[in-house]
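Two complexes follow with subunit A in common, the first pairing it with subunit B and the second with subunit C.
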Partner chain A sequence: MSLWSHELRLFLRQPLAAPLLALLLLLASASVWAGLAEITRQHAAIDRILPQQAADEAAVAAWATREGDAGNVAYYTHYATWDRPSPLAFAALGQRDVAPFVLRIRALALEGQINESEAYNAELALPGRFDWAFVLTYLAPLFIIVLLHDLVSSEREGGRLLLLTVMARSETALWVRRVVLRVGLVILTLVLPLAVGGLLSGAGQPILGMAGLAAAYAVFWALVCVAVGRFRLASVTSAATLAAVWLIMTLVLPGLALLAINAAVPVRQGVELTLAQREAVHAGWDKPKEATLAAFFREEPAWRDTAPMRSGFHWKWYYAFQHLGDLSVAEQVRAYRAGLERRNALSGRIGLLLPPVGLQMVLHRLAETDLVAQLTYQDRIRRYHRELRHFFYPFLFREQPFGPADFARAPRWRDSADTPRPPRPGA
Partner chain B sequence: MMIESDPDHPLDPVIDLSGLTLRRGPRTVLADLSLQVGPGEIYALLGGNGAGKSTTLAVLLGFLAPDSGVARVAGVDPAVAPDQARRQIAYLPESVALYDQLTAHENIAYFMALAGSEPGPDIIDAALDAAGLQSEARTRRVGGYSKGMRQKVAIAMAVLREVPVLLLDEPTSGLDPRATADFNALLGRLKARGTAILMVTHDLLGAADCADRIGFLAGGRIVEEVRPAEGIDVMALHHRYGEVAAA
Partner chain C sequence: MSPIRLMAANDWRLMARSRVAQLALLMLLALAAVAALTAIAHRDHSNDLRARFQAQADQDFDGQPARHPHRMVHYGHFVFRPLPALAGFDPGVDAFTGSTIFLEGHRQNSANFGDVRQSSLLARFGQLSPAFVLQVLAPLVLIFIGFGLIAAERERGTLRLLRVHGRSAGEVLRGKLLALAGIAAVLLLPACLALAWLTVSAQAEPVAAVLLTIGYAGYLGLWVTGVVTVSALTRSARGALMALLGLWAVTTILVPRIGSDVALRMAPLPTRLETDIAIQRDLHRIGDSHNPDDPHFAAFKAGLLARYKVSRVEDLPLNYRGLVAMEGERLTAGLFDRYAEAQFARQRRQAEVVNGLALLSPAVAVRSLSMALAGTDLEGHRRFLRQAEAYRYTIVQGLNRLQAEAVTYVDDGNRNSDPEAARRVRIDPRHWHDVPDFTYRSAGLGERIRAAAPGAAVLAVWLVLAAGALGLAARRLGRDL
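Here is the complex of A and B:
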């Protein structure tokens, strides 16, 4: 029987060891299950869009094309966009629990459509989802602390330290073996459910990155425990000290850092953009049509030769001031985005100092559920919206009739080339 | 092989303390202490509280380094190479604490594995026989053991170590008279095996029963040494011990 087997038996016979590991395994498994359920729900929601979209379009086409007016069609037709979760998203849901992953847009002013859906229940968003990243970042350190806080002090208090020291061929090897065993079991307990989740979601090799991060994070907390242990504190004092370190590193300092970042990089809320854009669009009704169209043609010179406007309403004027509404807030949109990216970058720097922050950022990047992924989705929506506008512009500015057959030629939102398929049935 | 120690012509000492001085703040705990124990010899170190008995053991185990003088265990200086020195030592602490969640067998197997040895169940049983632990207790977890039973498990471990030096700290304090007699007999067998045994004790009668030499420690130095084999008046010895301890 090897020394490792002896240590394992000794460890597992401790009254709290096996129940603690079982509890951690249960929490990690539950978090993976919850993550998979959420991702399956999101895939299912996306999958439900296509037939509903077809039915919606058929209904609009039935009456909106009767007069052959593309303006009517563009106004009443909603085009579906979606952002499928990555195979690793189940482990770290990140922004996906608050940011929309489905957005039906029209060829009207876009920024309001993107940003008006930003509102969410702040109280629900504050704790975040119960996912594997949460278990790893916040709960796993507590388990490591419980298992390691009295590594040496329990032997000292139990009167065995002297005998252990005298008997061990290498005292250092003894403690290293015990730390490695405990941390190894914690890592195994965390990674096993992750691996099962990865298999079910088809995550493949990238899951190894997350497993590696879990191992590195567990080792970090083990080193913190060892460092505190070097002060030769009593077990109770050691536990209290480590609990304080956990509180400060995972909650207090990240919270303060968030406040500091928000103060250092003020960012206007998305809803303000929506409001500003709406006001610009509504003001378009009162502006001279010639001035509106002249401004539009400076941006879209290809339609400059359109027939002159008659008095009264015309869709081309309407879509011109819709687009000008977007352009009027373009600078604010750039500033908003730059602010978000600046905050993200600062969070990344803080993550270098605060492992819990850094860990979450890397996990969300690996899972493609972070701000970058959210902004990428928005960029794809903007490109798609531009395609839609340019699909309708010939009908509007050249006043071509729009028939039912034209519906089929409208640009369609596509899964990006690297977009994963839904999890396997039963996941 | 039986080794008979010859007090007049000692073999090279296995435990060798030469001019050890150790201070703790203003207090001198060991003052030029010199002591040699040869192979197959039992040396009992007696002294009152604070005489320096435990400190002497701590120096031999490498937990304390002397301010001056040299300690050697089987030729190894514990202050320089504590791990190497400890590999030469079996140690029996005064209060034996084991892992309550393991049986006697499992405790011994674990501690022996730490020491780099893997005795089989039969060998462990033989050692427990020698230590006098009843067989029906061996498969029970030691959480329910009495102090004496724990002591016997530790004695079995010391027997199994098969190292040249055995350090004993009040070894019979938890044992009943019969177990004490058994223990003394066991020491005799270890002595015959060539083990150098240094025993720190308050038990003058026990020491007189099994030790080759008895040293009285006071103020960090040996103030008197007697050889029970030369025939001593135990009552006079007791009286002298009382004087030394009081001093």
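Here is the complex of A and C:
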């Protein structure tokens, strides 16, 4: 034990060591604080929306239920959906700054609504956010490089190397001790703020997964430093080499990988299906109504026995062709989604080769802030939209009058069961 | 040859022999070539695709059958944002902003299908483009090649040899500056070629290309000065390397990210959902066409009846429903404009915060200068949003006017009960051809240069400061020699 404390004293006596660790601790803490502030803001935005949404619905209900026609209600009422950040989201904000986390939908055709964007400032999204995942992925390796690049070479250049190797009981044990000590301190510096953030946000056990990833990533960079150290380069050359490795791994290769993946998996289906769906929906106006309804009943046989249409317009026909519009592009929707998932899967495979990419992928999966989380939210919206449609169908197809009491019975969006609301840090 | 040129030539000979310098330079040139080729190809491809989609949307619109004009209001139109030529050099925020908007009556939809939302997290590692290479990677190469220019000579003791040969500290520094500036010029070369290609192949304005080159030359010049200064001021080559790497990490990696967080904190944006609700609420207050007793529309009706000296809307020479649609659209569009401008103003406040931080980071300054000159900054997207909204208003009001003029009030009221009326309200599809197509007017050169001015000013300030620091370094070096 005394050997360890001796090494610690030696290490901390180096002019750069303590200031560097303090700086890293400051950066990691600031990033955790910024992440917590951001998810608090997102929770607050959702909480702020709920009463506004209720007032908006009440205003629609006041006039739309007057005639008792469910068609009007379904047409004019926007239903709110939202996607609360997971308790771990503070550590890796991911795509939540560019993908909407609140979205309103109507019981009309969904494909024209589900890809709507949030009004965010693209120039602020461009450099990315300052979160813990950023500090870990980009900055922590630089700190490790500074602390480890001259582990052996500084002793050699100081003329102490021979003495050290002669005096040490085991040369390997000496270097292992020194590496473990330095990396251990870096890991501690990174994980402590994360743990505090996890406690504040109520993240619970999954935080251990993130901490474990941080440790593994730090060890990876330590091994890179040790490997470069074996070439017996001068301190300055090994620092330059390691910085170059860092640059290639965190900026250059991910950039090239993105170019390759986006070229290999084009996803223009998104625009194509949106154009096609509009054509399908609006062509519905001009098709024979009986044919439209018959096609709809093949999908929704429960309403087959509805009364035949008498006049030129009936909401049930309108909602039937809205839904058929969605169904007409179902294949493209699947292809679009498959393209997005393929892009994500390929990135994951790149991650197996490039630790920074792999780390980001896993961190954001744990935090549920990645592309998959975005698609999961969309799936929930699809299910909710289906619920909404089926809520209105009896009123439309059985021509039941729709009153204010029915308005209150409409299905409501709920927080998903697996993301309990965390205690609000700093609130 | 002048002594300064001689010294620089000597340094170049040394660099040509150094593995590190060779490798760094070759790697960066290869990367710059890849970045230029892919960015230009991506820009051309995206622009073609958008043009094709736009042509299809125009064709779809014109090809609609005979319809009630209000149905065309809801059929709507799609518009696509073309990519400026210089997006092949600096794609800017293009991937972060949607490239297409669906335009329809009474609603303002968002621009959708930005690349970033359609990509994995890899997209957040930064997109390889000539601009990215120059902003982020080129300074590192200058650091790798230049950190030892003076510090290593001092360690080796060769600095004193120069003194013996009668060289002053200023001359030594100028020689080193020239040597590293030569490397910077080589780094700039692929980007210049890319810019030249874009002026030829995609009709990018030569003036913008030249200004971009000057801007980046200034930025790299700043790093050249910084590297030489730090190398002259630090005792060891390793100290110089560490200091420069730290400077690079803070100014190009850390500050831009912190800038975003600070700006979002100081000037938060409301969500789209809140804006939608606020617009509905205001609309309800100023005029609700669904409410039969609404005072605004009651006054509107009374005004119309008085103007045409009739007592019933049925007797108006125009279809009252069409006139109400026009009035309703006028009210909503006014609100859309007001809220959009408020949103834009908030975004600009955020940009001001970030620009304030550019004083800490020349990388932020050159990024804003570059995007502004390339026309790929957020202002370019705002232009598109504004023009799309203006176009939406024009076509919707044109169609509403058709409803007022080409469809009678009686037919409009009976269209669902009387098949003959239903036939008559479907007006001739030649009207759809008369609706003008959307043409995006990109920002003029003058406007873009004005937008680039703040970034250029910050860079100039940095250059002056760096020159001052270099003077300091010269005095210190003079004492050392």
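FYI, the second predicted complex is superposed on the first by the 405 of 427 C-alpha atoms of A that agree within 3 Å, B and C clash if a C-alpha of one lies under 4 Å from a C-alpha of the other, contacts with A are read in each partner's own complex, and residues count from 1 in each chain.
By definition in this document, contacts are C-beta pairs under 8 Å (C-beta built on N, C-alpha and C of every residue); 3 or more make two chains touch, one makes a residue touch a chain.
In this text, all values refer to a predicted model and were calculated from it rather than measured experimentally.
Superposition of the two complexes onto subunit A shows subunit B and subunit C fitting side by side, with no clash. Of the two partner chains placed by superposition, only subunit C is touched by A:Leu371; subunit B is not.
With both structures placed on the common chain, the touch criterion links A:Arg337 to neither subunit B nor subunit C. The partner of subunit A that touches more of its residues, comparing subunit B with subunit C, is C. When both complexes are overlaid on chain A, the residue A:Leu139 reaches subunit C alone and has no touch with subunit B. Once the two complexes are laid over each other on the shared chain, residue contacts for A:Leu10 go to subunit B alone; subunit C is not touched. By the touch criterion stated above, A:Ile49 is placed in contact with subunit C alone, subunit B being left untouched.
Of the two partner chains placed by superposition, only subunit C is touched by A:Val252; subunit B is not. Taking all C-alpha atoms of subunit B against all those of subunit C in the superposed arrangement, the shortest distance found is 15 Å. Once the two complexes are overlaid on chain A, none of the subunit A residues touched by subunit B in the first is touched by subunit C in the second. Of all residues in subunit B, only 61, 63, 83, 86-87, 89, 91, 93, 95-99, 101-102, 106, 109-116, 118, 154, 157 touch subunit A in the complex they form.
Listing the residues of subunit C that touch subunit A in their complex gives 20, 23-24, 31, 34-35, 38, 42, 49, 53, 56-57, 60, 64-65, 67, 71, 74-76, 78, 92-93, 96-98, 100, 102, 109-128, 132, 136-137, 140, 144, 147-148, 152, 236-238, 241-242, 245, 249, 253-254, 256-261, 263-265, 268-278, 280-281, 284, 288, 290-291, 343, 347, 350-351, 354, 371, 377-378, 381, 415-417, 419, 422. Per the touch definition, subunit A reaches subunit C in the complex via residues 16, 27, 34, 37-38, 41, 45, 48-49, 52-53, 55-56, 59, 63, 78, 80, 94-95, 98-100, 102-104, 112, 115-130, 134, 138-139, 142, 146, 150, 235-237, 239-240, 243-244, 247, 250-252, 254-259, 261-263, 267-268, 270-271, 274-275, 278-279, 282, 285-286, 311-313, 340, 343-344, 346-348, 350, 356-357, 360-361, 364, 370-371, 374. On the side of subunit A, the complex with subunit B involves touching residues 1-3, 6, 9-10, 13-15, 158-160, 162-171, 174.
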